[in-house]
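Two complexes, one shared chain (chain A), two partners (chain B, chain C).
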Partner chain A sequence: MVDERLTRASASHSRFARKFADLLSRWAFMVPAAVLLLAVLAYPIFYTIEISFSRFDLATFSAVEWVGWENYAHVLDDYRFWESMKVTVVYLVFALPLQIVLGFGIAFLINAEWRGRNVVRALFIIPMVVAPVVAGGLWRMILDPLWGMVNYVLGLVGLGPLDWFGDPTLAMAALIIIDTWRWTPFVILTATAALLALPRDVFEAAEIDGANWWSKLWSITLPLLVPIIAATFVVRWLGAVKMFDIALAATYGGPGGATNVINLFIYEEAFRSLRFAESAAMAVIILVVTMVLTALFLRGSRLLEERY
Partner chain B sequence: MKHTMKNSISRRALLAAATIAAALPTSFALAQNEPVEIHVMANEAFSNVIQSSEVVEFNKHYPNIKVTVDGVPYVELLAKMMLDATSPTPVYDVLIVDDPWTPQLAEVGALQDLKSAEMAGFTAADFDWADFNAAPLAASEWKGVQYGVPLRSNMLMMFYNRTLYQKAGVPEPTPALTWAEYLEQAPKLVQDTNGDGKVDAWAIDTYFVREPLTPTIWQTIMNSNGGKLIDADGKPAFNNEIGVAALETHKKLLDFAPPGALAHGFTESLQAFRQGTVAAMFQWGSVYRSSAVDPKTTTLTPEQVGIQVLPAGSVGPGAHRGIWSGAVSAKSEKKEAAWTFLQWLSSKQGETWRTNNLGTFPARKSTLAAKPESEWLAPVFTSLQLAYDVAAKGEMWRIRNPRSDAAQQILADEVGRAMAGRATAAEALQTAAEKIEKVLN
Partner chain C sequence: MSTVEIRNVRKSYGGHEVLHGVSIHIPDGEFVALVGPSGCGKSTLLRMIAGLEDISQGEIAIGERVVNDVVPRDRDIAMVFQNYALYPHMNVRQNMGFALKQRRVSRSEIEARVQNAARILGLESLLDRKPRALSGGQRQRVAMGRAIVRDPNVFLFDEPLSNLDAKLRGEMRSELKELHQRLQTTTVYVTHDQIEAMTLADRVVVMNGGNVEQEGPPLELYDRPQSLFVAAFIGSPPMNFLEGFVASGALVLDNGEQLNLPIALPAGDRIVAGVRPEHFTISAEGWPAIVSVVEPTGSETQITARIAGHVVRVLIRGRTDVKPGETIHLSTASSHLHVFDPGSGKRREIGG
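Coming up: the complex of A and B.
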């Protein structure tokens, strides 16, 4: 009896030791990555937050004096901040759905078996790897009212000439076009991978049941793709919300601030105006707003996954 | 103990060596051709020219000073300079700073006083400070201290295409041309030059886009009408009738500019002028060589391209200063080599070489008065000298304040809004004045 108890105790001790060793080895692998993440992600964020509540001294290039919410008050009192927020919302509301619809639509259309499909897919990568500044410059030439190809083509059918960068609405349209040109391929590639991974047997069963093209798309493909669409939307949202390079290269935020997205405004305030504290305050505001909206999108995405 | 003693001796020896080194004639190292390496931070727009041409020529005279020039995009240049110059061990010995930046860099202690006793020992006896024109030299002066020397002297000028003026039957501009006369002539300069029924040449192109250099056009119009950007107390002085009228004139120019000109700045207006599609351009004078001389970059010739000050307002013609000055980093450990490099570039000899070989605009009166090697430079020199005089007289430069960049960005935003019709000239200037007052105080 005593032996049995001892054996049990020994086994329990040994289990605990094994568990502890297991935990230790797991953490031993995780700690370097965790420390690295803290250093490269958390530290800059906390430093930005510190600057946003401080007076930034250019002589030492550091935060020197706690000023509370003063920088935030300056930012919230600046009409340019609110204008930039509005511009960003307009850009996101049009660009994101357009890229998702186009991306999945094109992916669906090129999903059929045909020669050269892989070459076309590879070509789709090109806009993504073009540097934003180059893309901006390139599109400035293409959309130039005088010498641009787009206005030439429009002129052939009796339209235009359109002042793409001089009219506030057209400048925003130009920004959305350029961003869509750059990032729709990303959506296409993601959607193509998702389409290829769809279970064939479900489609075969539907065909046997006499389902037509539209029924298969509406009742099988789209519901199965919903989680992927939602995830792609979140990924693109996170990319789009920080966009500023294309606006910097193509429209300079103009005309008259019509395309001055919030990150371009933050960049200009920091690096042109050297107002690092106010810029940090804006960056923190955007960080919080982005985190809240991303959490909402992720929650929505989970609900959709559960539903389908 | 022995070990400590050894360290102590070693430290003393080092200290003694340092003291002896400090007591030696200041030019000893250079005189003995000791190799020295200095680093220069410059705008990437011209850093290559400095490295590939100016440094090569400099090294013919000072082979022991190795110069490495790093180019940085303009929009990041000031922030990077600040960051480097305020670090405990800065990398850069020479900073090439834009016109409005001296106050900002001087306030944070980044720049060396070039006329200090320390630097006087490194200054060549024949380095003639008085020979510089007042306007370019003043660009690198702040609160009575001289922090730099003019290296790339630039002025906002009026370029005109003689062929297009002749085709339109409009007399060529002269320094006496007024804004009213110019605007009266402008409709005639929008023309169909090849007779196909379509307009293919316009009167003007310049800065209209939302960016910090666009307000310089408005400011020049305002200055030439007696308006000021800032008053004696450092407060905005542009929010008045003269300022509003000047902004409306700037906007009016859009009516005679090529389609899409609202998005035009430095590159686009330069491109339009070089292609011969605009009769006039308000642009930085230093582009003359690439706009009228170099066949690789322009379709025009010096015979076709005239250059002069901007049209006159009620008090006289206009110009605007845009000088890149060379300064020595206050924390540099190679100040002598850095200053030697800058002295040579800005000396009579160096400036003449750079002007004749690279087309760089000179700041020295003697260079401007001398007969240039290239014939095309002679009329350019005449116009440049007038522009310097006009700018100095009317204080035609950007805000001189440690926070001038923030103020300039506000002006860019508000002038941009007025140009795009998103605010009236009066509204834009009212907003700009309120914001700038807050920023500067």
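Coming up: the complex of A and C.
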């Protein structure tokens, strides 16, 4: 009787000890990652939010006085902010659909069996491994109005010369072209993987059922790809709203702000004009808008997934 | 409806030949099962009839028309796939109507034919469901429905029941047979399950290593297998084989054991004697066998025994009081003894 109680007590004691040790080792493993995340992710975000509601003192380089929504009011009043937002929206509206359509289209075409297909697939990766700033510089040379390759080729067919970086519309086109050159391969790779994963016997069934090339594409391939297309769109959207490096290297926002995407504008305001508080307010606005839109896109793509 | 004529068809993949000249004639309305172990070329042959694989050599004709260069959609065939191959984004109604829509059949006609097929297959209440909301058996029915709304010349089935559980497989087998009796459409059915082939088909084609081993009505294959391969493949549990020399009216096994033969064979010949488990009778005298396992299933009892170390299966109707360790004596009628040549594997016809 006594023995039994003793063993039970020691058992519960050792169970507690074991549980404690387990908890301790779990946290010991998690703490470095948690600290790192807090330091490099959470702290900057919250500090940015704090700055956006404060007066920023350059002498001490810190937020000194709580000013409420004042910085936000300034920003929303600034026509350059709205110009920059417009530029960003134009870029997104053209670049994203273009990259998705081109990517899936090319993937569909190179998915057919032909010699050298794998070499071409490998070549497609090159734009993605080129540093964005290098890509921007490279394309600056290719599109150079005087001695660039593109104008030379256009000249051969009697077009141009086009002033790629001097004309606002063309400069935006150049930015979209460079970004598309850089990111379409990513879409192609995703789309190729999706195409290869489609069930083969479904297409054989369609063939026997009398579907021709077009109705196989329209009635089978596309509906089956819809969830992947939506997911790729969300991934590309998240990449595209961060657009900064290519614009910095290729056009530097010019001419006259025609390609001054919002991130470039924020960067300029903060580190050139040293208006940190307003920049922080803009960054917070962009963060919130991006989060809301991303949530909408994710929800939309989930709805599409359920439908198909 | 249509005949299918397969004339000396060969298939090779880059120099490696997998079908070595297969010829099969399928009359109008017949149900033919292609059966054989995996890799025997039965599925390849079916896919060649469908037009999903090229024909390397030879000809396939559906009706009067040679279809070697005809694309699948113009062959007027319907196929049911092993994994059903339903269109996952379409509901049952759209799945069944897809082929008709491709052929520009009017909407009301499509609806009428889909309804009719759904009624035959008991799918009326499921017409608005997507395939992923259906059970395996229901998907199988939709795949069949997709084939029958077409009213094609030929039905092709590629192991359609192999993904179903045993009970459902049995049910679907009966349904398939009933369906064929009702529609009388020429059918080619590929399976590795000899029971399916035997029960469903008017004629069974046993394939082995890219050749037709034997073809004929199911019971003919059972009664008179032309080779050791067919004898072993058709029938369950499989036929028992004992190999040895013939000497003075008996089969002498390699260890010297003598088993009396109910038929006369030339002395000195080496033969393989085959007896189906259900054709043994336990009697007062006969081949002595030591019982190792007795498995009663109620209606019948399977006995595993050893004749001079060779495992022999015996199937008797009803029940028995035979016990493991006992020695029993097995005999068989002369008409139930199959004799094969061990070298060629071919059947030896027994005179008289």
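Criterion: the second predicted complex is superposed on the first by the 268 of 308 C-alpha atoms of A that agree within 3 Å, B and C clash if a C-alpha of one lies under 4 Å from a C-alpha of the other, contacts with A are read in each partner's own complex, and residues count from 1 in each chain.
We adopt the following convention: a residue touches a chain if its C-beta (ideal position, glycine included) is under 8 Å from a C-beta of that chain, and two chains touch if they have at least 3 such contacts.
Computed from a predicted model, the values in this text were never measured in an experiment.
Looking at the shared chain after the overlay, A:109 reaches neither chain B nor chain C.
When the two structures are aligned on the shared chain, A:268 is found in touch with chain B, with no touch to chain C. When the two structures are aligned on the shared chain, A:219 is found in touch with chain C, with no touch to chain B.
In the overlay built on the shared chain, the residue A:256 is in contact with chain B alone; chain C does not reach it. When the two structures are aligned on the shared chain, A:204 is found in touch with chain C, with no touch to chain B. When both complexes are overlaid on chain A, the residue A:33 reaches neither chain B nor chain C.
When the two complexes are superposed on chain A, none of the residues of chain A touches both chain B and chain C.
Within the complex formed with chain A, the chain C residues making contact are 50-52, 71-73, 75, 77-79, 81-83, 85-89, 98-99, 102-103, 146, 150. In the complex of the two chains, the chain B residues touching chain A come out as 75-76, 78-79, 82-83, 86-87, 104, 107-109, 209-212, 258-263, 265, 277, 403, 405-406, 408-410, 413, 416-423, 431. On chain A, the positions that touch chain C within their shared complex are 199, 201-202, 204-212, 215, 219-220, 223-224, 226, 307-308. Chain A makes touch with chain B in their complex at residues 58-61, 79-80, 140, 144-146, 161, 163-166, 168, 171, 251-258, 260, 268-275.
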